[in-house]
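Each structure below appears as structure tokens.
One chain, chain A, links the two complexes that follow: it is found with chain B in the first and with chain C in the second.
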Partner chain A sequence: MASTTSGDRPQNRFVQWVDYRLPVFTFLNHELRDYPTPRNLSYLWNFGSLAGIVLVMMIASGIFLAMNYTPNDTLAFESVERIMRDVNYGWLIRYVHMNGASMFFIVVYIHIFRGLYYGSYKAPREILWMLGVVILLLMMATAFMGYVLPWGQMSFWGATVITNLFSALPIIGPKIVTWLWGGFSVGNPTLNRFFSLHYLLPFVIVGVVVLHLVALHQHGSNNPLGIDKKGKQDSIPFHPYYTIKDSFGLAVFLLPYAFLVFFYPNFFGEPDNYIPANPLATPAEIVPEWYFLPFYAILRSTPDLLFIPSKLAGVLLMFGSIAVLFVLPWLDTSPVRSGRFRPVFKWFYVSLIIDAFLLGYVGKHKPDATLFGIALPTIGWLGTLWYFGYFLVILPLLGFFEKPLKLPTSISEAVLKKGAGVASGAA
Partner chain B sequence: MIRRFVLCAALLFAAPVLVPPAFAQEAEETKLLDAHFSFDSLFGTIDIKSAQRGLQIYKEVCSACHGLYELSYRNLEQLGYTEDQVKAFAADYTVPDIKDDGSAGERPAKGSDKFVRPFPNEKAARAANNGGYPPDLALIVKARKGGANYVYSIMQGYQDPPPDVKISSTAYYNIYFPGHQIAMPPPLQDGSVTFADGTKNDLAQEAHDVATFLEWASNPELAERKQMGINVLIFLVILSGVLYVAKRRIWKDVH
Partner chain C sequence: MADIANVHGGNPHSDGGTRRDFLVLAGTALGAVAAATAVWPLISSMNPAADTLAAGGPVDVDVSKLAPGQQIVVMWRGAPIFVVNRTPEALALLQKPDLVDKLRDPDSQVHQQPTYADNWHRSADPQFAVLVGICTHLGCVPNFLPKPNPTSPSADWPGGYFCPCHGSKYDLAGRVYKGVPAPYNLPVPPYNFTSKTTLRIGENPTGVAFELSSVQQM
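Take a look at the complex of A and B:
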């Protein structure tokens, strides 16, 4: 059995020699082995490390795809088909990468909503949270540009719609769009720069992830109780407890992922993207990938606001929906982190999840459709107001009006007394 | 804790099913026919004999207007043909070539050549088809909602238009085509092709076979993919079990 006590000196002479000059072993020991972690983390805390692993898988599969892909508007579509048909296991690499994007967003969205419930954004983890929002933004940009690369109909028209958003900005808008395109429409220069950036941004993400981890290890993980560690009895070393728990979580996560890749590889895709890009024929419906649907709904549902035309208002609110997350740590006025001890917050939190799904639904369907007899744009606008209301009105006010439940005095006490008052609050 | 988590996950995935579909969608689309293909089931693969008959239909009927842009003749070896059979199949077509003296000429196609397209370019295709452009069939199953069932249904969806529907003189009425007006004349009828193996050649069978062939053309890796998927899933289930037991044992003293 490996000893898990901290302060172990490396035994091997060579390791000692290196470590004296470059303390990588001490560092790894400190951050991956002894790193004190709350003993009460639930499986929802698996999704952080899971996201890191998926990022590595995306980069690895992406590098091999790039070896066989041609970023040229007349060759891109064909080169993807060549990967699918002629490159050895090319279909596997592409389907892993393609579905990996969807799985990545599922993992990251769960990770974010976990943070929202347990107040992981509150002091002293504000910067940790903001770095996470930066990662989300970078992921969205990367995913969008990656979706353009196969140069199918949805790639082309998705790129056209999204880049055109910037034309809503007054005065400089149209100039910016031309600059983004590298021409007067989405074309070969656009494809080339998107490929370049799609290859670059994941490594930028890695950089921000490192900062995210540095910030995380400064104060350690939050936990389901949302209270600080009081002493040694509250934490356990990361290894072997969380290495094994994360490994188990990874294996379970890979099951649905593999199921998609091998049996329904195009489940999340749009059939239109298997039609080569044609600037002269608009598809019947231009739908973004599922992970952008709630944002797409905000974009499309926003009406004219005072003197701001609906298009610009939609763009501003769409970006605002992410921007509001940046200031979230200062919007939530409650001193209690975990939603378990916030009886009113809990229900508003559930409403936010429902709202996210509702917005996704609105984004998926044509604006002339209805749900329960109400026009979708109306629902989308109400959903948008609810989203911003949650962050800008409810969270700031709740801190003053809500009476939180009594917090346990320490993590270990709560763990040992499971089944008593704490658990009933959590049920 | 695990139970609650599983419940939440199940609810998440069930949510899209529980919510009713959006009403008042665009013009009601007719529900596609269900051909019950051999590859429909989770582990099902492509019926090679059916796909071979489908290739015959493609060659004798579809290829007059439709290409298989992404396929090479050598790919047919995956459909159970020998190298010599593929060579003979390809040799029926000619492809442009540069001769040894540098002059332009032609040569018989080889296994490494892409399927010869029926028209040299899009304009020629449109000129020959009342302005319509017959789409590439090598990806048609992936590029249409409903996949192989879409192909199967379109083949059998031709009807006389209802009296209140006016259609253009160059279009045909097809209940499964979005908008119902399709430029393609009815490609298959009962007895359009005669199968060497004596299989019944009514329209439904022909539609079934050509859809099976096109499923293969879109997803040539399907059999390999599903087989590997079974192995991977079995491996992951065992791995999850082992890791779960290991996790329980390591955590024994913490709980």
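Take a look at the complex of A and C:
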């Protein structure tokens, strides 16, 4: 408290000595204390730093798991069971890592949907947004390969199904699949390379996160009003105001996380993955982890499209559902960032959330099931069309047809005007 | 919700500052405890696992198969354990003043063995030597050269252990010579005889507590 900075220069002589040679303290001071942050950020702005903390927890727990894990098709399952039974606190470290993946995706999905609502992808934050999409893709690859490592039934058959997606590509497809496997089927070479990449990719994610932060600090955080800061009165220093808010958010976040780890560690898991991988017996039902379900639904529900067979069409649309996010900043033609001031957008946004859950439901259940008497593939296809319609049709058109509400003149004015005025959007 | 200006200095009353200080200190302390609690399982996981500990249990050896003068090497906890059936001639040699004068610690003053091996033959039964075959210099495995030899591995070799790495010499009781790099006698592991012919390595006789990890140097 009494140590470092009251003004611009550090007070402590040792800190001064180091800082003169390696300006870490100046850097931290600049990026945390001097860094002006909008004074009106809501709790939805906690999820960025939360994602960063979960990434660190995943890397830390993963490094210790790797000390006891054996990436070999005859030993992998046993080594995971040994972690669970014999290694000191191995069960805890593995459950923290396993459930950490789910918590990571929950945090990141909330982070993404926050950005979608408040227009955080709009100028001048397009590259910031695109780097975020890169992180999402890397996370998906990392999570998928991590799920293969225990070498249970779901690991094996999940790997088989997902790698086989690439066989849908014409001409080169089968060659790519063989290349991915390093053999004639998913086997030991596949497991080895997945382990290698599962260890590497998180550090690649760290690298992209650094770029994400550099891009963020260039123009600062967006805010619930979606308007730019106009002066000192609109912002407060990141430290201590948002460091303490992020710490509090972390403490709240750790409660359900710990509850999962200690009371329902296999809540998100599939029991079949506690059966060793068997290349001769496919499980009755192959379900991906919950965070892939909407994408899995798109993959399964896409019918034949013109001359493209449904298998290839499904693969293209599944990857397309992420690819469309890359160009989102140029699809949304409205100059208004925050959904608070967009009366029509608001409802379409809600429909996108419902659509995501609907697709998740379709991905979770068998394709021959029905919902409200309608076959799931039909619902899945409609959901897929709605997803792409939102980005490719509705957002471009809304900018022209929607009449946004009047924006507040400044953040401080809106904040200091107490009461219901701001929140309801009636201002 | 409150006016922002109020957040800076806290309550204008004098008790506001101390309350904030208390919250910051208490919060930081709890955070430190939480961090330590989170790190502990990670550090603990690097200690030997339950199955590794179980695999370090006692090992039984049938010594009736040992010919006089023969050595066998048994693995116990990843270390080579030398078991030698010493001949009466070899035992007589161990007591010769000529030899004893050349030894650094002939009476086993340094704690390198359990109490039941605190003697000139460094064993529970004079006939059988049980030694950890790891040189106390830098951890090589010494060669078993029981026969006297005028030149090899050194002049007037009376029989014993010779370390190929840096030339440390031990007698057939694992006692180290003076003037060699190794500082201590070879350690003696815990062991007992469960019958006349069965040697159990890794378990003390009843009533004795000795851990190999307690020796001066492995």
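Convention: the second predicted complex is superposed on the first by the 416 of 427 C-alpha atoms of A that agree within 3 Å, B and C clash if a C-alpha of one lies under 4 Å from a C-alpha of the other, contacts with A are read in each partner's own complex, and residues count from 1 in each chain.
We take it that contacts are C-beta pairs under 8 Å (C-beta built on N, C-alpha and C of every residue); 3 or more make two chains touch, one makes a residue touch a chain.
Computed from a prediction, not measured in an experiment: that's the story for all the values here.
Judged by the touch definition given at the top, the superposed model places A:I236 against both chain B and chain C. In the superposition on chain A, A:R85 contacts both chain B and chain C. More residues of chain A are touched by B (comparison of chain B with chain C). Contacts of A:V56 after superposition on the shared chain: neither chain B nor chain C is touched. Shared-chain residue A:V350: touches no atom of chain B or chain C.
In the superposition on chain A, contact of A:L22 is made with neither chain B nor chain C.
Once the two complexes are laid over each other on the shared chain, residue contacts for A:R39 go to chain B and to chain C alike. With both structures placed on the common chain, the touch criterion links A:V214 to neither chain B nor chain C. In the superposition on chain A, A:F64 makes contact with chain C only, while chain B stays out of contact range.
In the superposition on chain A, contact of A:L305 is made with neither chain B nor chain C. On chain A, the surface patch touched by chain B in one complex and by chain C in the other comprises residues 39, 85, 92, 236, 241, 247. Taken in their complex, chain A has these residues touching chain C: 1, 39, 60-61, 64, 67-68, 82, 85-90, 92-93, 236, 241, 247. Touching chain A in their complex are the following residues of chain B: 1-2, 5, 15, 19-20, 22-26, 42, 70, 75, 135, 139, 142-145, 178, 218, 220-221, 225-226, 228-230, 232-233, 236-237, 239-240, 243-244, 246-247, 250-251, 254. Interface of chain C with chain A (complex): residues 4, 7, 21, 24, 27, 31, 41-42, 44-47, 49-52. Contact residues on chain A toward chain B in their complex (touch as defined above): 39, 42-44, 78, 81, 84-85, 91-92, 95, 236, 240-241, 244-245, 247-248, 251-252, 254-255, 258-259, 261-263, 265-266, 271-272, 274-275, 284, 357, 361, 365-366, 368-373, 376.
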